[in-house]
Each structure stands twice: as C-alpha cells, then as structure tokens.
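Letters A, B, C, D, E, F, G and H mark the chains as written, and numbering starts fresh at 1 in each.
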Amino acid sequence: MEFTVYLAGQIHDNWRDEVRTKAKERDLPVNFVGPQENHERSDHVGEDILGEQPDKVFTDDAASDINNFRTQLLLEKSDAVIALFGESYKQWNTALDAGLALKGNKPLILVRPESLVHPLKELSNQANVTVETIDQALDVLAYVYE
Amino acid sequence: MEFTVYLAGQIHDNWRDEVRTKAKERDLPVNFVGPQENHERSDHVGEDILGEQPDKVFTDDAASDINNFRTQLLLEKSDAVIALFGESYKQWNTALDAGLALKGNKPLILVRPESLVHPLKELSNQANVTVETIDQALDVLAYVYE
Amino acid sequence: MEFTVYLAGQIHDNWRDEVRTKAKERDLPVNFVGPQENHERSDHVGEDILGEQPDKVFTDDAASDINNFRTQLLLEKSDAVIALFGESYKQWNTALDAGLALKGNKPLILVRPESLVHPLKELSNQANVTVETIDQALDVLAYVYE
Amino acid sequence: MEFTVYLAGQIHDNWRDEVRTKAKERDLPVNFVGPQENHERSDHVGEDILGEQPDKVFTDDAASDINNFRTQLLLEKSDAVIALFGESYKQWNTALDAGLALKGNKPLILVRPESLVHPLKELSNQANVTVETIDQALDVLAYVYE
Amino acid sequence: MEFTVYLAGQIHDNWRDEVRTKAKERDLPVNFVGPQENHERSDHVGEDILGEQPDKVFTDDAASDINNFRTQLLLEKSDAVIALFGESYKQWNTALDAGLALKGNKPLILVRPESLVHPLKELSNQANVTVETIDQALDVLAYVYE
Amino acid sequence: MEFTVYLAGQIHDNWRDEVRTKAKERDLPVNFVGPQENHERSDHVGEDILGEQPDKVFTDDAASDINNFRTQLLLEKSDAVIALFGESYKQWNTALDAGLALKGNKPLILVRPESLVHPLKELSNQANVTVETIDQALDVLAYVYE
Amino acid sequence: MEFTVYLAGQIHDNWRDEVRTKAKERDLPVNFVGPQENHERSDHVGEDILGEQPDKVFTDDAASDINNFRTQLLLEKSDAVIALFGESYKQWNTALDAGLALKGNKPLILVRPESLVHPLKELSNQANVTVETIDQALDVLAYVYE
Amino acid sequence: MEFTVYLAGQIHDNWRDEVRTKAKERDLPVNFVGPQENHERSDHVGEDILGEQPDKVFTDDAASDINNFRTQLLLEKSDAVIALFGESYKQWNTALDAGLALKGNKPLILVRPESLVHPLKELSNQANVTVETIDQALDVLAYVYE
C-alpha cells in the first residue's frame, strides 16, 4: 500500500530532499508532496503569473493565491502530514497547514527541536506524534509497513 | 441574532478586554470566548489539575491537554473567529487555531500589523478579512448587523 | 418553531422589504437575514473599513472580503435560502450563494421570471422549488407551518 | 500524480479544446472533464432521452436533469475546478458550479476578463486564484508540478 | 432537554394525532413535526402555489417540490425520526425519509405490524429500534427521559 | 474514466443482466455492483452463515445483517446509483437505498413505469433523472462519456 | 454559556450523582446526560418494551436497541464527553462511546485509575485529557469557565 | 473490485494470519491491514523511536502516539473493519477502533464468543454483523463477491 505524505514547513533549506533520500534508502513506498521549494519562485509566482502588483502587500497576496491553490490540492490528496519546525523564520504557514490537516482528519507527525517545546505545545499535543529528527519521522512512517 | 466569536491569539496582554469593551460600547450582541487569559494559570493548569510532571516537556504537554480541551469545546460553539497576531511571541497556536477554524467552516478575521504581511501571507489569503486594528475587526462584526 | 431564511439576490431595490412585510402580515415566525442592502455601503465597505485601495479591482476585492464574511456567517446560521433573480444585473453572486446553499444542505427556493427559464435551468433543477413571485415563495414557507 | 480538473463555463465556443491542447503541449498529467460541449445536444438531451415535453419550460428542465447528473458525477470525481466567465451569456450555471465546488472543498481557479471584475467580485474573492487568460490558468496548474 | 422528532409515514389517517396526544399525556417534552397531514392539500399544493400543470405527472412533481422542501427543512431540524408503516399504500416516501434520516445520523424508530417483517427487514435492521405500536415508540422516547 | 454504479432494486428477475449486457454492447466503462441477485441465497444467507434462528423474524434480521453489510460497502464505493421500481413487490429497501444514496451525495437515476408516478413522486423529485426504461438509464450514463 | 456533557461509563454505582452534585456545588452551568442508570431497567428495557425474546442473546440485543437509541440521541446533543473506567466490568460500551465521541469531534475527558494505564493507553492518547478522579474532571470543566 | 479491511483486536496470538491464510484459500481479493502484530515491538515502539521515557505511564503514551498514527492512517484507507474479541485481555482499544470505524461509516463485522454476548451487546447491536468465528467473518466478506 502506497501513501502520499505532505511535507509542511519552511522552504529555506533542502530538508525535504533529506526526507526523500532517506525514504528511498529504506524503500518506503511513500510519495512525498509539498509546497514549492524554490523560495524565489514561491515569493514571485504571483507576479510571475498574474503580472505586476501595486505594492508588496499585494505581491505577497498574489503569490499566496497560487501557493494556497497548490497546498489545498496536494493536502487533500495526502494520507498524512509531516510538519517540520526549526528555530528560524516565523513558520505560521506551517502551523496553519497543521491545523488544516488535523481538522481534515489527516494523521500528523510534528518534527521540532527541543528548544521549541513550549511555543509548540498545543500543536504537539494535537499531533499524533512529535519527534526531533527527520530520521525519527521516517521511523514512524516505516513502522506502518512493519 | 446573537453570535459567539472565538478570540484566538496571545495571552500576554489584555487585548481581549479591548475587544469586549469596544463591542459593548457599540451594543454588538456578540458573546466572546477564547483561551485562558491568565498566562500563569494557562502554563500551570496541567500540573495544577494533573499533578507534578517529570520535566518541563511533560508540564507543557499536560497544560496543553487542558487548554486544547477548552479551545476545541469553545471553537466548536463559535460562529466566527478573530485571530490576532503581534510582533512578539511565536504565536503558533494562533495559526493552528486559525487552521482549525478555516477547515471547520468558521469565517475568520485576521488582525495583524503591516510588518507581518509577509510571514502571514498564506493565512491572510485564506482568512475572510485581514485588518490591522481591533477597531477594524469590530467594524467587520458590526457590519453583519447593519 | 422559528426558522432563519437567507435572502440571496440583488441589492438594487427593496424586494427584501416586501418579503419581510408580507411574512409579517401572514404571522410567519421566520427571521430573514441577507447581504447588506445599502448598495453604496456594500460597494464601499472595503475602503470604509480597510482604507483606500490601489485601484478599482482591489476596492472591489476589499469590499468582497467583508461581504463574504457576512454572507458565510449568516448562511451558516440559516435553515433555508430564497434566491431571487430578475432581468437586470449579472447576479453571479446570487447563483454562487445558491450553490453554497445547495452543497451545504440548505433547502432552496428559487424566484425568477419566466423569461429567465432557460439560463437558470440547471439552478432551477437543483432548487427544491422554483416560483415566479415573492408571494409564491411565502406560500411555500407558510406551507411548512400548516 | 495525476489530477482531474472540471472545466465549468459556457459551451458556446471551444475554449476547453484550447485548455486541453495547451495542457498537452506542456505535458501536464491532467485529465479534464466538464459538461456536454455540443450545445444543441446539451439543450435537447432531455427530449432526446426522456421524450417530448409539454413546453419549453419542461424541455429545459428535462435537459437539466441529465446535465446535472453528469455535472454532479464528474465534479465529485474532480480534484480542482476551473471556472471561466466571458462577456456573453448569463453563465449562472458556471457560478452555481463554482459555489458547489467551493463548498465541496475543491480548489478553484476563476478565469474572467477585467471587464467583469465588479460583478464577479464575491466569486473571485472566494476562488483560490483569479486570472484573465487560459494560459495563466495552466500556469497555475503547471505550478503544482514544479 | 427538549427534542424535535420527525414523524415519517402515510397521511391517510390521523396516527400523528395519536402520537401527539399520548406524548402529552405522558408529559414528554417532545416537539413533533412531519409532512402536511391534509392529504388533499398535500397532493394539490403544487398546483395551489405554482399554478396549473400540463398533466398529472407534472402535478405530482410540483407537489413534491414543495413537500420535499418542507421535509428537508424539518428533518434537518429534528433530533430523531419515527417512521411508521402500515399494510396499505406504497409508502416509498416513508422508506426514503428513513434512508435520509439514517445517513444524516438521526436515530430512527421503525413502527410496523408483524405482517411486514419480511419486506421491511433491511430497514428494520438499520433502524435503532423496531416496534409494532405507537405506544411502544413512545415508550422508547420516554426512556430517554428516565 | 471508469465509474462504479450501484443497481438498487428487486432481485426477483434478471434486470441487472440486461443493464450489464446493454452497457457492454455500448462499450461503457462502467462497473456495476449491487445486492445478492440469487433470491434464495439472499433470504437464507443469515442462517447459512450465522446458523439457525429462533423464528422467521430473526431469520430475516440475520439475513439483513449480511445484506446490509454488502450494500453499505458497495454503495460507499459507488459513484452513482440506478434505482429500479416495478409494479410488483414492496421494494422498500430500494427506496431506502435511494435515500442513503441521495444523502450520501451519489447522483441517482430512478427507473419506474408511468403507473408508479404518484407513489414515487417524492423520490422522483429528489432523483437527478427519472426514466421509464433501462435503455434510457443507459442513455443517461452514456451521455457522461459523450 | 451552558454546555451539555455526556457521562459515558458503567452503571453499577452512582458515580454520575457524584459528578452532578459536585458540579452543582461549583455552580457549573453544565447539563449532564448519559445512559439509563438503573442497571435492572437498562438490562430489561428490551423485553419491557418489545416483549419477551427467544433467549438471552436476543434479550440483550433488544435492550441494546433502546439503549443505543438513547445514547445516539444524547451524544449527538452533547458538547463534550466524560468517559469513566474502573477496575471492574468489561466496559466495552464505554470505549465504544469514546470512539464515537472522538470521531464525532466531541472533546473527551478520560477518568481512569493508574492501574489501568496500560490497557487504556490508546484511548488515553486520543482523549483530550486523562485524569484519575471525578474532581479532576470537574476541574477541567470548570477551567473552561475561568 | 478489491477491498481493504482493517483487522482490529488483540495482538497476543496470530489470529490475523488465520484470516489472511483463509482469505487466500478462498481467493478473496481483500487486502488486510491492522496494528503492529509483534506485541513487544508495539509496546516499546515509543521508546524505540522517541527515546527513554520518565516512567511506564509515559512509555505507554509514547507507544500509543505511534500506534495511533498507524491505526488512524490505515483505518482511514479501509473499506470495512473486522473487530475480534476474545475472553482474555481488556481489549478497550478494539472497542475504541470499532467506535471510530462506525462513526466513520465503515461497515463492521464483530467476531466474539457467545460468552461475551452481554458485555458486547451495545457494540454488537451497532455492528453490521456479529459472528463467532473467523470462518464466518470470511463467509460475510466472500458474500460481497458472490
């Protein structure tokens, strides 16, 4: 049985490549989807497709139109969600995606460093599992196939 | 027609009192609910009710058990949600509540300063209305009664 | 038993007053809700609350933010919907509201002149009842209390 | 990952062919579905299958029975919806389909000329993305595969 | 705690009066709703409100428009359903209402004579309780208040 | 695109074979499912699997346990439902299945002879399409592929 | 704001009276509902209402018909659920009710002695809060009103 | 048509192997899923993946995090559920899974010895079918393919 897992989180580094590579090494039949990982493209896709916007507020809103279209479509097709938080960036869209996933009955794995225990406590408490590393998240996925 | 509105957001200052007072001044028949506003109590309610926990991670988790019980109960009874973000604090539970509200079909008003446009762009784009002040949020609520 | 009925349709004349007056004359315990009926206010509420917008596209979008907040909140609280179409105006928001109502399991009464049979045939076919006058729509509501 | 996209809109010209051809040129793994595109057949399918009807009102209703069966079946199987509006025709069924899609949690791309900004403002505001051309709509779909 | 109970079934005799009278005698705080009980009116309400129809098929369809509006509205407001079957009449609308109730998560009491065990076996098996008399149905309702 | 269609109705003759044969002749990529068509087996499956029952009421209930398991499983996997009524038999399970299908958002084709217009008027009014012959029902299915 | 809370659990002692009395002492505006608390009556209600049954299996099934009608009706009206487990009795219906409550989006408080940690670990993990005493459960409820 | 069936129940013996072997012998195209069947691994998976826990309560909770992730994911993908109860063990998670399945509209087969009729009467009454042996459960599954 093959699963689709949405990878919610920041797009400033290549953590999703790590997930994909390690899942491959373990031969997990999991199809990973997620947001646009090219940060530049993600921020400019609104103007790229919809044309120049009046100011930065509207540029951001135009980009979000298209990023949210992508997220809604892929999240709806996913069987589970991994949400990763780190010490940098606001990451409110990650928490938002986690809320959408939870209310949409998708099981959720939260990945976060111990330093973020306190501010993520409500989210962690609603997630199915909270781990600190990507390896642990894959351990959880792999467990489904044992 | 009376509405119940959940006030999602930080509990470090008394912004909810401002909402309540101003709603009263405008005679809006709105019943506001929200999380525990006494920060101390919110952080310690887990140990207060469930007893001493092994360490801070578990203390936080115990508090979240009870805070999430309250939030789920009150959010489910609400007709709309106001989510307020400011420049301090992580506020991931606010974004989480917003996600739960959106997927639960509750109309959402986002209140945030202009400085947070970029990191809140996906959430703002999914909210019904984004404003910068509590007065504007109340303007939106008042509009329903015009 | 009291019902709440959402009155979807154009806001260029006072047809909703006719509904309310005639329902009162028949002593129907129905609470009617609907969009902002002051057309000026409806079109400018975005700029009224959110401030000046870059151009007319954004002015319209800002107004819709707030009008859609109102509609979503009131539609969700309604037990049934009356959607009225006439020969003037585009009225796409009326058809949109009808779609939202139907998929949200709200019984729907469509009011339209015979001249609009053809373009409204799919909507009429999905509505519970299609009538040509407000009096007939009230006849249908009154029938529930017989 | 393959998606199914419902193409809501008028059936007076071959805009869906343009969508299909251009999607093929871009190698998008998208399966497009939609209403009957032969206008004659769409209008007469009621009498074609159910036999002669008493008058034009009933002819239209009979056709809608079958067109709505097709739309409900295909919309339910779709992952997203593109709704196209132009300057001709009433297009209320397009707005209706958009409402059914939105309430059914299907992400929605609205295609409309700038001239229709005002009458489509509520629908545009609820859609995920609003564009002016078919190429832009395909840009949005293509973005999901980047 | 007050409940609303929909009384599905034929409208050829006054069995609903018996339900209401006996519930009153037992002081059950139950509000009973149901279809139009005046059979004449029920059959002609389509033409009464919508005007003369081309033939009997359309007369029936017009009546059903309005009867189904009433049923959908009242069923949605109900907490439970009592569906009564007897030896006369087709009673397919009763079975239909039972199906709508069951799929809508309304607890269902089926009242039927022993002679109808076989043809009602699938419905009986899905109902919460099957009884043979109105008194037994009221016994079940009364039990909720014990 | 392949669809699964549930064939609700009596199991006293082989009308489902007619549906399957004619769909094959038209090359419709439709997978038909339905109840057990061997009437004997359907009536005795309860005792066949669960053992002897105390009397005929319990024999029927035991059979329904298993028939309803099958129907619920297959109905949930179906994209549309054809419900056929004839002049013989009570057929309350057909009306029940139609109600379950309608409330479960499955598009519904009703097949019934003209003689049954009146007793099936509420069901016909809620179905997407009402036809009189199996050929017409297949015309409707075929239309989805045009 | 008044809440309705369903008290799931065994009916061999009067623990619900303790809940009600203590809630009253704290002036909590909570309306408690639950199963029949008279064990005798609960076990015999099937035969009491439906008449003598062939053997004990059917007597139990008949009682469950009516007990499940009550539970479904009251659970659906409840805003939250308290499920209490003790060291005696099988209590599978308590775990069943907890599952129904969780999947029905009702926040859940689990009350169980420490001795039952292991066998209740999956349920405890899905509940919002797990406590060991009724006083703690009331502490949680009271917290919603702080 | 292939189905996925979740096998809920204790993991102390290899009853699921019996199900799988016998289904294979009958050539049933059913894909069986279920919880981790290695009891040791199931109990320690929390510490295996998340590291040492403060005490046995937290060890159990950590294991449940991961077991519940697996169950939620697999249950959501299943078309039906078989829940097996025996005379040993508490089996509250089996009853919990049954409740989640029922409220999630999955048809349910209950397998239990006659000795457990009384304590499982509410669950049995809500299940589609109750049988005493695995062979009977497979008879029910096989019946869907007849």
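Here is the rule we go by: a contact is a pair of C-beta atoms (placed from the backbone, for glycine too) under 8 Å apart; a residue touches a chain by one contact, two chains touch by 3 or more.
Which chain is which protein? Per UniProt: A, B, C, D, E, F, G, H = YtoQ family protein.
Bear in mind that the values here come from a model prediction, so they are computed numbers and not experimental data.
> Which chains lie in contact with each of chain B and chain D?
Chains touching both chain B and chain D: A, C.
> Could you work out the angle of the rotation that brings the CA atoms of chain A onto the matching CA atoms of chain H, rounded to the nearest 5 degrees?
Fitting chain A to chain H on C-alpha atoms yields 90 degrees.
> Pick from A-H, D-E or C-D: which interface has over half of its contact pairs in common with F-H?
Equivalent contacts to F-H are found in A-H.
> Mind checking the centre-to-centre distance between chain B and chain F? Centres are C-alpha means, answer in whole Å.
That gives a centre separation of 49 Å.
> Using mean C-alpha positions as chain centres, tell me how far chain A is from chain G in Å, no decimals.
Inter-chain centre distance comes to 38 Å.
> Express in whole angstrom the distance between the two chain centres, defined as the mean CA positions of chain A and chain F.
43
> If a residue has to touch 2 or more other chains to count, which residues of chain C qualify?
65, 68, in rising order.
> Chain pairs in touch?
Pairs flagged as touching, ordered by label: A-B, A-C, A-D, A-H, B-C, B-G, B-H, C-D, C-E, D-E, D-F, E-F, E-G, F-G, F-H, G-H.
> What residues of chain B sit close enough to touch chain C in their complex?
1, 3, 79-80, 105, 107, 109, 128-131, 136, 139-140, 143-144, 146
> Name, in rising order, each residue of chain A that touches chain D in their complex.
Checking each residue of chain A against chain D gives 4, 31, 33, 36, 38, 41, 45, 48-50, 65-66, 68-70, 72-74, 76-77.
> Sort out for me which residues of chain G touch chain H in the complex.
Residue positions touching the partner: 56-57, 60-61, 63-65, 67-68, 71, 85, 89-104, 114, 116-126.
> Residues of chain H touching chain B in their complex?
54-55, 58
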